[in-house]
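Labels for the chains are A, B, C, D, E, F and G, by order of writing; each one numbers its residues from 1.
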Amino acid sequence: MNTMIDVLVAIFVVIGVFFAVVSAIGIVRLKDVYSRAHASGKSATLGVIFIMLAVFIHFLSQGVMNAKILLAILFLFLTAPVASLMITRSAYRNGVKLEKNTVIDDLKEMYEIDQNQSK
Amino acid sequence: MMQKPNNMMLQTLARLIILIILSFSIYLLLAGHNSPGGGFVGGLMTASAILILYLSFDLKSIQKAIKFDYIKIIGMGLLFASLTGVVSMLFGFPFLKHFFDYFTLPILGEVELTTAMVFDLGVYFVVLASALTIILTIAEDDK
Amino acid sequence: MNNIVILPIIIPFIIGAILIILYKRHAVQRVISGITMLILLAFSVFLAIYVYQHGTVVLEVGGWKAPFGIVIVADMLSTLMLLLSTLVGAACMFFAFQTIALDREKQFFYPLFLFLMVGVNGSFLTGDLFNLFVFFEVMLISSYGLIVHGGTGYQLRESFKYVIINVFASALFVVAIAWIYSIVGTMNMAHIAQRVAELDQAGALNIIAIMLFIVFASKGALFPLHFWLPKSYYGPPAAIAALFGGLLTKVGIYAIIRTFTLIFNHNLEFTHKGLLITIAGVTMFIGALGAISQFDFKRLLSYLIISQVSYMVMGLGIFTPLAVAGAIYYIAHHMIVEPALFLFAGVTQKITGTTDLKKMGGLIGTHPWLTWMFFIAAISMAGIPPLSGFFSKFPIILGGFEAQHYVISGVALLVGLLTLITMMKIFSQVFWGKQKHTEEQGKIPVGKLLLPILPLIALTIILGFAAEPMFTYSMGVAEEIMNPTNYIESVLKE
Amino acid sequence: MELLMSIVIGIIFSVTIYLFMSKNLLRVVAATLLLSHGVHLLLITMSGLQRGAAPILSFDADAYTDPLPQALVLTAIVISFGVTAILLVMSYRTYKVHKTDDLEELRGSADE
Amino acid sequence: MTLLHWAVLLPFIAAILIPFLYKYLKRIHTGWFVLVLPLVLFVYFLSFIPKTSSGEVILNNLNWVPSLGINFNVYLDGLSLLFALLITGIGSLVVLYSIYYLSKHKEKLNNFYVYLLMFMGAMLGVVLSDNLIVIYVFWELTSIASSLLISYWYTREKSVYGALKSMYITVFGGLSMLGGFSLLYVIAGTFSIRELIANADLVMASSLFIPAMILVLLGAFTKSAQFPFHIWLPDAMEAPTPVSAYLHSATMVKAGIYLVARLTGVFGGSPEWFWIITIAGLVTLTWGSISAVRQKDLKGILAYSTVSQLGLIMSLLGAGSAAFYFQDGDNALYMTAILAAVFHLINHATFKGSLFMAAGIIDHETGTRDIRKLGGLMTVLPVTATISLIGLASMAGLPPFNGFLSKELFFTGMLNVTEYGIFNLETFGFIIPVIAWIASVFTFLYCILMFSKTFMGKFDISKLKVKHVHEAPVGMLISPVILAALVILFGLFPNLLAYSLIEPAMAAIAPGILSPGEFFDVHISHWHGFSPELWMTFGVVILGILLFMTFKKWENTAFYRGEQDLFNYAYDYGFDGFIKGSQWLTRIQMTGRLRDYFIYMNTFIILIMAYTMYRYSLPAIQSLDLSPIPVYFWLVILVFVCSIVIIPFINNRVALIITTGVSGFIVALLFVLFRAPDLALTQLLIESVSVILFMLVFYHLPKLKKVKTPPKMKAVKLIISVGFGLMITLGSLSVFSMGQEVNFDSISEYYVENSKEEAGGYNIVNVILVDFRGLDTMLEILVVSMAVLTVVSLIRLRFKGSEDI
Amino acid sequence: MPFQILINVLLAILWMFLQNEYTVVNFISGYVIGILILFIIRRFLKFDFYLKRVWAIIKLIYLFIVELIKANIDVVKVVLKPKQDHQPGIVAVRTQLESNFEISILAALITLTPGTISMDFSNDSKTIYVHSIDVPDKEAMIKDIQGSFEKAIMEVTK
Amino acid sequence: MFDTVLIVALSALSIALLLLFIRVIIGPSTQDRILALDAIGVLLVGFIGILMILQDTSVYSDIVLVLTILGFVGTLTLSKFLERGVVIEHDD
């Protein structure tokens, strides 16, 4: 039983770490801040959620339901989108350039309208 | 000048988030004697929650809503902490001697009550109010 | 009954907290703080007498026995320091009532003042090294608040440097604490002393001694760790400058005396006879030269502090009962006279509107009381007999000659002359010479301002003429601290 | 590990001192942050690292890590924080009043 | 407290009363009240003459600071009495004179008389104390009183200058003297002069003998204006003339003479004492007399003449000290010098006092003291002229005035020196009388010059500021007339004083020379036959007159035209240079640069730490039981170190904070790894709040600029910072290794054991914080609160200038 | 008022979670603390939703955990692809959702699912600007979002 | 074996940490740095989680929660500052 749990935990950990590492690679490799936000906002979060599940399972197997871990997962869910939004929005508003390959930019219009209005 | 951003999503989610953080902070305060936490950590955590409010909304509307004078709370916190020490003195014990006991109460069962908790509560108030005062005073200073 | 020794710490603490709550009502604050300072003063007199009669009083805070809990220890040295600090505090407080601008009063002036007293009194009373650090910080942070209080350009500029250097020194304090704990595994000073003695202050303990010395020397503004002091003390109003001039450096010196009598007293050749004396000699010289170089009342006094504190270090370095008694006497003398001088700078500023010596003159003609009170303080500072300055300096120098420290004793004598030069520089520039203030300024009454200074001047005279009881007391203190067994036993109760 | 940490702490102190000697107010303030890190780590390191479980008795263990340095560091952290707050506000007020954040320009005149 | 104690303290008590008398009895000149005191004391001291002349001494003990060996023991013997009489006697005359000299309408008499009484008391204290420290106490008080009197007209720049100069020089001497006294205490264990004299052998044998002697002499020489410390005395002439007459010729400047005389019993008999004092005296004598010739100010001449005369007395005391070398032989050979010294001391007081008062009258009546403006006053001020003539003749050494007699004795004393047969005097001794003679020539010269320039020639009112010149009021003339009368009286009947004052004083100077009941032979005669002394006097007169006759020839030489003393330049430039030097030294330290401060401080710290480690051969790592390091820890540390080392290179403020934030987060992680959950929690929270604060503050702060540091400065910074880090690392290793070696039980074990049972908590760290060390936490929140108060006041309180004090 | 009680009950449960002890004591103390918290921040609780909606949210969260995993595999592919030749873009997505809460949820879900991030809102909050890591076809993407997430939310909230 | 997996996982996370740190340093935009910092915070949560399994203790669960909260607060503050220069706005 214990080894079963351990294996499960190990698998969760490995998956989690994999996603986390990928996200780190993504953050280094991807070409603009907006693309990197994908890596950060999703892979890292998911990776950590997996790890936290592993932790949760590990302690659950010892008869302890560690709700704080669940809360942390919930919290990550709730905050990751807001964080991504805040970062990318501030980047855009500060004129951080989109990468060359970018095919479409609808947001540009909105700010152009804004600026015309304010004039 | 760019117009102000639309913080709708942030404000919507912040309402939810701070509920969790506030409960968690009080937990940290109360559980500190037996697990990680305590007045200091609890106070800062509560301050973080309130800070999220300030970050998501704006100074004026929060000030309208929360009408505490944080500076006075600091003074109260200090009094709280120090008076627990003085009280033990009044009973002829050394300054800051704490007492604790386990009581069996109806419904609640066995609980531990300790004067150290009162002391920690003082810490909590001081830290909470201090963090907020510092942050808000700086934020208010736009001259 | 042992709880009485916590009162000098807890009274200003609680009153300060109450004043924070009452922060919008400055008139009430003023009354409460004035009364508090008087109570504190009365109480420290009582405590000094009590300890003198009953011996060392030890309070185990929280009822945890030493060395596990924090102890508050009132021995003769602590109570003397306490008495002096509250005296200076009260004088400065009553001076502040009349001189501090209303705007300043409204912005937590009194709470910060009282908390400074918490820090200072606590530093004198604590028997725990880490607790000493904490009390130091209490003192320092209130000093940050007070030194920059008002936020003028000058204050901001110099306070920044003041804070940074103090932060650095505080960090080194923690380093020393970490090191001490690593070796002796305790924070109680008596316990540390016991264990250091057991190891005969061998090897690495000496670098700890040096580190602690560096820390305390920088609080005490000894060369070359004095850079924070001279310029920053110019910024705040006279009452605060006086308070700082009287208290802050002395806390550093007290700490040096405490640690280098109680704990690190095994390698005298290196620490006391070598380091302390050398530093004291250079410092007193550099400080005096600094004072001579200045043409501003407050700045000059600031440099003077540096020069004067080193006499105390010198007394400790010589480490004979006579010299140490002299050092103790000197602390008393200095803590009385230095604040008085700063307050005089405030009074003359009130009259002339400046602290620039070159812009003043002829005050003797319009303000004779001020003149002569200042003159007494000045010559007392210069060590002219028969005032306290002489009777405190003389045992140190005599002790120096007795212990064959001829060079430092000679330097000390010479610096006495330099001090006189600085004092007469002020006197001749401010009180002699052509009157430079207007007739209206000449009519500004200063009687009330002189009132808080009067006790200090009276004391420097009394401690001079009645030198015998004070010297006997200092000798008692010296013998007590040079024989730390008493301290250790009263704390650890073995 | 203590050896490694000693070296790391030495590095922290070096960088701190280096920053203390820089001209910019902000760098100096940042240095105080680093300084407190160094000091706190030192306090923990000097009592021996990883020699037992976390000092919470409900998680029964044979040995506990020395709790005292932890308590001391906690106090020290809080104090450092207070100082940082003061320094930050002080530095921006200084900038506002003097219109410069260059310590070289904040020397004051020679006769002071 | 005996009557003698009260005699010393009475002037001080009177001084306290003066301001009240001045304030409430404005109509009467305050001087009249003051006058009573010295008169009464003079009479009181006269009553001791019978006792002292019979060789009795009076000693009354009064403990002051017994634990330091400081006791106010009054001691009265012939020497003390002589001085006490001078102080009170001349004092009475000066006070009387001052009543007419200082107008009660124009002057702040209260100040004047307070200073004067303070001085009188101090001076009595000096001469009546047995305890060296008490002497020192009063000694310094005379310096203070003197300075206050010199600066009596405090608005005058020169007065202030003179006051400060005299104070600095005499206090310098005083402090040296204190050093000397301390050394004497170290040698003999007492401050009592009597006991020191009793233990003179012990003192003489000590290796500290010479330093002690030199230090004490520095005190005496500065006070008595001996070369080259004499420069303060001419500038002291800015004091009102009564003061000059009293302090700066008759009494205070003789305190040094008194001290040398008093301590002859301790130091006398050593060749060093003999040589130093004799030579110093002779050089002073010569230098003073030559300088006096150059002066154009009446008081200037008198000042340098005083310097010169003090040198004369000093040299006599030096010569006389040889008596101790030959305690068994015929003492007359040596004692002549001491006799001459004592006698001249008295004579000088009389003639110089009268001369000063005369000069004061001239100043008072004509408004000037410049001899180039004066002339022909003989007819206008006949009484003053007569007084001056008597005084100057006496000073020049002409019969039948008292000065002649002491001058003759002086020559005898100096001639005797060549016959001592000790200290190699056979060879070089002849120089001494030669110098003495040359000095006397100049003395004669300036006396003639002074008289002729002032009283002879043509009276020209146009050179003066006043319209009319009258003889002084009678009251003002009383004192100088009395003194002039004494000049004649002592000149005609020298032995009037012989056994009442002079012999007891000699006996006191040379204790132990006489066996009990014996007396020195004091017979001063006018005629010795055609002795060498007489020929010397003839020579002086002839050469002096010759020089005076040729005055026109050397009037325009640089020698005469410049009147500044060489050593004045030395003092002025020296003092100025000293101030400038101190300013330079202060400027290079207090640069206002935080960077420099850190360089200085850390250089010191590094050096002292390095030295300590070297001294105790550290780091001495015996055995290090180190915790193992897992792989991931290395990686974490790598990131950590990177995040720290990179910080100095960051030029973007947000990046800077983010990077510090990263290092803060890693510190929290390290705390987790080190099993400190509470710490990690707190660290995280604090770090976040700090980052927030930084961001808030950035709104107000400018962007970071890229800084260019000169490579040299960069290197210095690098060395300092790396050196400091190294010291911390090495120190930590030494400490850690020692800690493991000694292996003390930590007090923490108590916390682990008792946290649950005694304090009811499982989280030991929290229990320590709120209970075991609750005081720390209570103060820690105080610190936070104060930080808040400071921040709030910093933001809300903005003084522009200084609105308060 | 019923909503407040609900929140309060939830807080009490949360409290038990935190305590790791599921007892009456903890529930009651949690409830008391909940009252305190709600009292302090009562002015911010302007939610107008019902129990049903809470359930819907929980359901949604579940739904999107699955989506999330799928999404991440896409991101992994992009990240690890040797050649970075994807074509990102910002697309304005108009939504028909009414309340702020719904729109927020939608934006959050967009962020949490593959290759898209909500970047900004229009002033009326009705348009979400979405950054996509790879936009071969803009219209398809808008439709995809409107078709799946928006609809799903509408379903649970109606 | 189980522990080895965990230690390898920790090492991998450390390497990820290093990568993220590189992004913090090179930027180029500040938002990039914030992004990386945010990710570091999240990664540390994972790191501590694995440590909890490794040390078999749940003492650190509070830290995990705190870290997630603070990561959010930090990101919020930083990006708000960058967006408009102010962190807390005075009024809407």
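Heads up, the rule we're going with is that contacts are C-beta pairs under 8 Å (C-beta built on N, C-alpha and C of every residue); 3 or more make two chains touch, one makes a residue touch a chain.
Please read these numbers as outputs of a predicted model, since none were measured by experiment.
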item: Set of chains whose contacts include both subunit E and subunit A; value: B, G
item: Contact-graph distance - origin subunit C, target subunit G; value: 2
item: From subunit C, the most remote chain by mean C-alpha position; value: F
item: From subunit B, the most remote chain by mean C-alpha position; value: E
item: Between B-C and A-G, the pair joined by more C-beta contacts; value: A-G
item: Distance between chain centroids, defined by C-alpha means - subunit C, subunit F (Å); value: 62
item: Centre distance in Å when subunit D and subunit F are each reduced to the mean of their C-alpha atoms; value: 40
item: Chain centre separation (subunit D, subunit G; CA means) in Å; value: 21
item: Junction residues of subunit B, two or more chains touched; value: 3, 5, 9-10, 13, 17, 20, 24, 28, 34-37, 40-41, 45, 48, 51, 71, 74-75, 78, 82, 85, 96, 98, 134-135, 138-140, 142
item: Subunit F residues counted as touching two or more neighbouring chains; value: 14, 18, 107-108, 118, 120, 122
item: Subunit C, residues touching no fewer than two other chains; value: 13, 17, 20, 61-62, 130, 134, 137, 141, 144-145, 148, 151-152, 164, 168, 175, 178-179, 181-182, 187, 231
item: Chain-chain contacts as defined at top; value: A-B, A-F, A-G, B-C, B-D, B-E, B-F, B-G, C-D, C-E, D-E, D-G, E-G
item: Partner subunit G, residues of subunit D touching it in the complex; value: 53-54, 56, 59
item: Subunit C residues within the subunit E interface of the complex; value: 13, 17, 20, 61-62, 64, 67-70, 99-101, 103-104, 107-108, 111-112, 115, 118, 122, 130-131, 134-135, 137-138, 141-142, 144-145, 148-152, 161, 164-165, 168, 175, 178-179, 181-188, 191, 195, 199, 202-208, 210-211, 214, 218, 224-225, 227-228, 230-231, 237-238, 270, 275, 286, 289-290, 292-294, 303, 346-347, 349-350, 362, 364-365, 379, 382, 384-386, 390-391, 394-395, 397-398, 401-402, 406, 409-410, 413-414, 416-417, 420-421, 424, 428, 431-435, 467-468, 471-472, 475
item: Contact set on subunit C toward subunit B in their complex; value: 2-3, 6, 10, 13-14, 16-21, 23, 59-63
item: List of subunit G residues in touch with subunit E within their complex; value: 7, 10-11, 13-15, 17-18, 21, 24-25, 27, 30, 33-34, 37, 40-41, 44, 47-48, 51, 55, 59-60, 62-63, 66-67, 70, 73-74, 77-78, 81-82, 85-88
item: Residues on subunit D engaged by subunit E in the complex (per definition of touch); value: 1-4, 6-28, 30, 33-34, 37-38, 40-42, 44-58, 64-68, 70-75, 77-86, 88-93, 95-96, 101, 103-104, 106-108, 110, 112
